[in-house]
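Two complexes, one shared chain (chain A), two partners (chain B, chain C).
Right, the complex of A and B next:
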């Protein structure tokens, strides 16, 4: 059993997490980030359920969270497969790549004024050369300086 | 039974309104936009910190647990990491921040006394689901930053909607904590009666938690050593059929995802047919 003050504070944390996930899933366009936002909403609901469960001394809330975990695992497995299929078809993880599925009376999303590729040029440390210069190999082309 | 809830101050409305406004402005400034500058993001961070402090003060006005350092720390980790999850440009960093948010949520669950779920969150989410996300990102992420990661849909409207929803939820939580005595006293006593029924030693435990020394220590002391055993008994006793259904669901998800992936081989030929 937890005191009522801990209950309200935990409910507040759950509400904050839920609202952050809601904003994320509404705004972000990357399919993976949208999915992470949905998981964040699930976490907020889990905190709320556990807080009520502990407050009432009833196990129902925690049992429900166990099933939330199970369904979230299933959901992630199936949905990530669909995300991979979508990527294979369009080459992008962009939700707007599927805007052909929108309603007929809705305007088309057109990206204008997209920022140019503003990747930060990495500043390498200046080292005095020592030894022989290794030959370049193809595996280096797989490296990314930016994730 | 519940002297703290009876003496709870109502939420200061000005503080809540300020926190909501700061949160909305901070989310709008931090979400990816075409007009981003370093200074606007810096201002967003400052406003976000102000909103966080405002909500922490609101939580403290709801009860004294705002002084519990452990709860405050893990809740802060969860909330800050959750904010960083949705505003980071790179999806890989987003996933890593989500792992931090999971660590914070797990800490909150442990403070609440749900030991099994705190550990299961780390194991299932951070250990399995998040790794799956990272695998998909490795398979599907184009090199460099994609342009669609640097814009977002309607950031202003969404930030305002989320902040207003959070304000409404906080108001209703505050109304809950300033609730009428019968509702808040009847439920714990019924739960205590249920808890006291099976075991003999539960009575002394209730006496200890009824003294309400400090909220944090009361919460820690009320953690029973058999928490996992009780949860397991409940899960495999009352909810046995649901466990079976969940097992079937896992099996169906496994078979379904494999079926969809192996049908994905056909999309290669579809591509070729389309391009021809």
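Right, the complex of A and C next:
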């Protein structure tokens, strides 16, 4: 494949990733999804960097991407802590729960509640329990039905 | 002699310092001292009085017996330069109008390289020493009196602090040896006056009177400021005394001995007359002469001791001091001098007429003060040695008897519970014998009853006028002096044989030749026999008119003074209900100053007149040692004819007052009912206040309203409108601050997109 075509394709992929991430971050209200969208944008840029790096034959771009990945990993950890904390405060993962920093006397941005969850919780076949039942509170489920 | 002069040099700055120290202590410790807050101020003023006495005696020992006939002492002048206040180099760059007018800046000497410097210099000469003694002496007595008068007043410490500051300012005013310093302290005493008139500032009349006094004084102060500018332009210095600069240049002071001795040292003509008239305006403001006299009667809203000290005895004489000090300047401008007399005589007569129908005891005294100050102006305007010394003589005796009268009135007011309307009380001699007796002595002195002080000083004033009105009867001496060459002018009059004076008719032409020879070489203006403009007023017929006006004033003075005495102290005893339990003689702390002042009012005139001490002493003042003044000196004499006229006028006045008021109820119908329409004119003070209100106050108020409207509607409106713009923008844009993260992110995206598009547009191929 000729380098120009490779570059064009890679840039297209990067742009698509970036735009998906952008749309995601602007439209989704779930904090984790928003964070994922941000990661998507970051990776789109990383792809672009790698493509240009290949095109120019300069390893610097790829080295930079490795660093970006590393930093993004750390950043993901920190961001998830924030998300967890935010959830602990409000019990919701909705970004629109956090709008107290608006100008005084402005009405709260009216948003519609989340659509009613009419999904049928599937019952999954599971193996019969074996071994010792772990001690703890049975009423608290360790997993949530949905996020 | 030398050590004595050195001692005086130390004492001069000490004198104003002591009251200032007293004032500072009163301000700092006043609240803590409480009812003893008078101690620092009284101690400071008392110490200053002692220093003033030392200075007076010290100066007196410096004044020699003099030589010639009449004896003329050598000028005595001690200058104490404390420090240089401000120095502006090269202040005279650019050409000067004064030199264009053909006037030498300093004949025979180099100008000080255009350096403008203001030395803080204090001077001591007979005039200053006399006034310092009066200021601190009367100030001390008034301060002691105030201990009794002001007790229990909530502003007790404030009052004493102000009195002490006033004594400081006034001492500095008369001791300053520089026109700029004089101006500074001219304003300072005005400020003290303002603060003391408005002492009871919660009382609207007092606040209004204080404002009026301050504003009317501004008119005069404006005159003084312009006069000082003109003096600087004309003479290149503002110092009174001669100075030698660090670089050895000699600068002739405006009233320094070099210039005074110099026949051609002073500017005549338009510039000189302008300076003198502006100074007269200043003096009119401070000394309450027409047309700026309107503030003084209202100033009686202040505490009575302040009225006695400031508005009767000392501050209002600042104008007299200024003109006496500037005598050599005035001598070159006979027209301005005559104006001084005309203003004085008119004021004296008008104020006396107004005083005849006043029913407020303090207002009678206030108009009397204006009238007596007019007397001093009349004497000053004669421009003779007799006139100047008579004015200061009258100033001194007036300070004593008018302070006495005011303090007596204060004592009455104190006893009557603040009532000062003479119609509401009477027969008080039974209630307050000491006050009545001392008041009577003061009244006799004011009315000019022989042998009280006022008689002699008034006699001198009238004599000085008479000499000008009838030059052939009195003025032989200056006629002879005038004929001598100017170089020997100082001694000439003395050498001249006085025995033959009656054989030499000194007619109008000889007076003109006096003027001509006196001003040889200055400008050809004064040398001409034909007098032009204002100078044409200097004519014996003018002086004859002024003499008769003054004599009429003397009669009126006697009338209104004794009208007040009879209304207040004779007749059936009547006491207003406001007096309560107060209606008794004042405490000794108040009556003792009255007794001292009564003694001074009774005796000072006799002593000073017959020993001729004051006149001889004052003649050693450099300003009065000018050849032009010296040439007019005549031998000290008692003028029986004038004394008889003056006494007759006083006797008639007292007799009329006795017919109208002696022994009657003071609220019974008064003599003014015979005056007809004139009574209304006098009672309304010649309608000065309504005229000023219509001509000056109302137009200014209208202008103020217009400017206020302009300010509020247009200036403020514009500012407010400009202020509304960001607010409007803000209220539009603030909706974007929604607090939603995603909207912010959207704004960021839109922004980046805009930048990218703009870049793309820029970089399009």
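We adopt the following convention: the second predicted complex is superposed on the first by the 108 of 147 C-alpha atoms of A that agree within 3 Å, B and C clash if a C-alpha of one lies under 4 Å from a C-alpha of the other, contacts with A are read in each partner's own complex, and residues count from 1 in each chain.
Here is the rule we go by: a residue touches a chain if its C-beta (ideal position, glycine included) is under 8 Å from a C-beta of that chain, and two chains touch if they have at least 3 such contacts.
These numbers were taken from a predicted model, which means no experiment stands behind them.
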Chain B and chain C placed together on chain A: clash or fit? fit
Just to be sure I read the superposition right, which of the two partners does A:36 touch: chain B = first, chain C = second, or both, or neither? first
TODO: Tell me which partner A:100 touches in the superposition: chain B (first), chain C (second), both or neither.
DONE: second
Looking at the overlay, what does A:19 touch: chain B (first), chain C (second), both, or neither?
first
> For A:45, is the partner it touches chain B (first), chain C (second), both, or none of the two (neither)?
Replying inline: neither
In this superposition, the partner of chain A with more touched residues, chain B or chain C, is B
* Asked: Just chain B (first), just chain C (second), both, or neither: which does A:54 touch?
  -> first
Min C-alpha distance, chain B to chain C, superposed, in Å, is 7
Contacts of chain A common to chain B and chain C in the A-superposed view 22, 26-27, 29, 96, 109
Listed in rising order, chain B residues that touch chain A in their complex are 2, 4-5, 27, 31-32, 34, 36, 55, 58-59, 62-66, 68, 71, 75, 78-79, 82-83, 85-86, 90-95, 98, 101-102, 105, 108-109, 111-114, 116-117, 120-121, 124-125, 128-129, 132-133, 136-137, 139-155, 158-159, 161-163, 165-166, 169-170, 173-174, 176-177, 184, 187-188, 191-192, 194-195, 206, 209, 212, 215-216, 218-219, 222, 230-231, 234-235, 238-239, 242, 246, 249-250, 252-254, 256-257, 260-261, 264, 267-268, 271
The chain A residues in contact with chain C across the complex are 22, 25-27, 29, 95-96, 98-103, 106, 109
Counting only contacts in the complex, chain C reaches chain A at residues 734-735, 737-743, 745-746, 749
Chain A residues touching chain B in their complex are 1-13, 15-24, 26-30, 32-33, 35-37, 39-40, 43, 46-47, 50-51, 53-59, 62-63, 65-67, 69-78, 80-85, 87-89, 91-94, 96, 109, 111, 113-115, 117-119, 144, 146-147
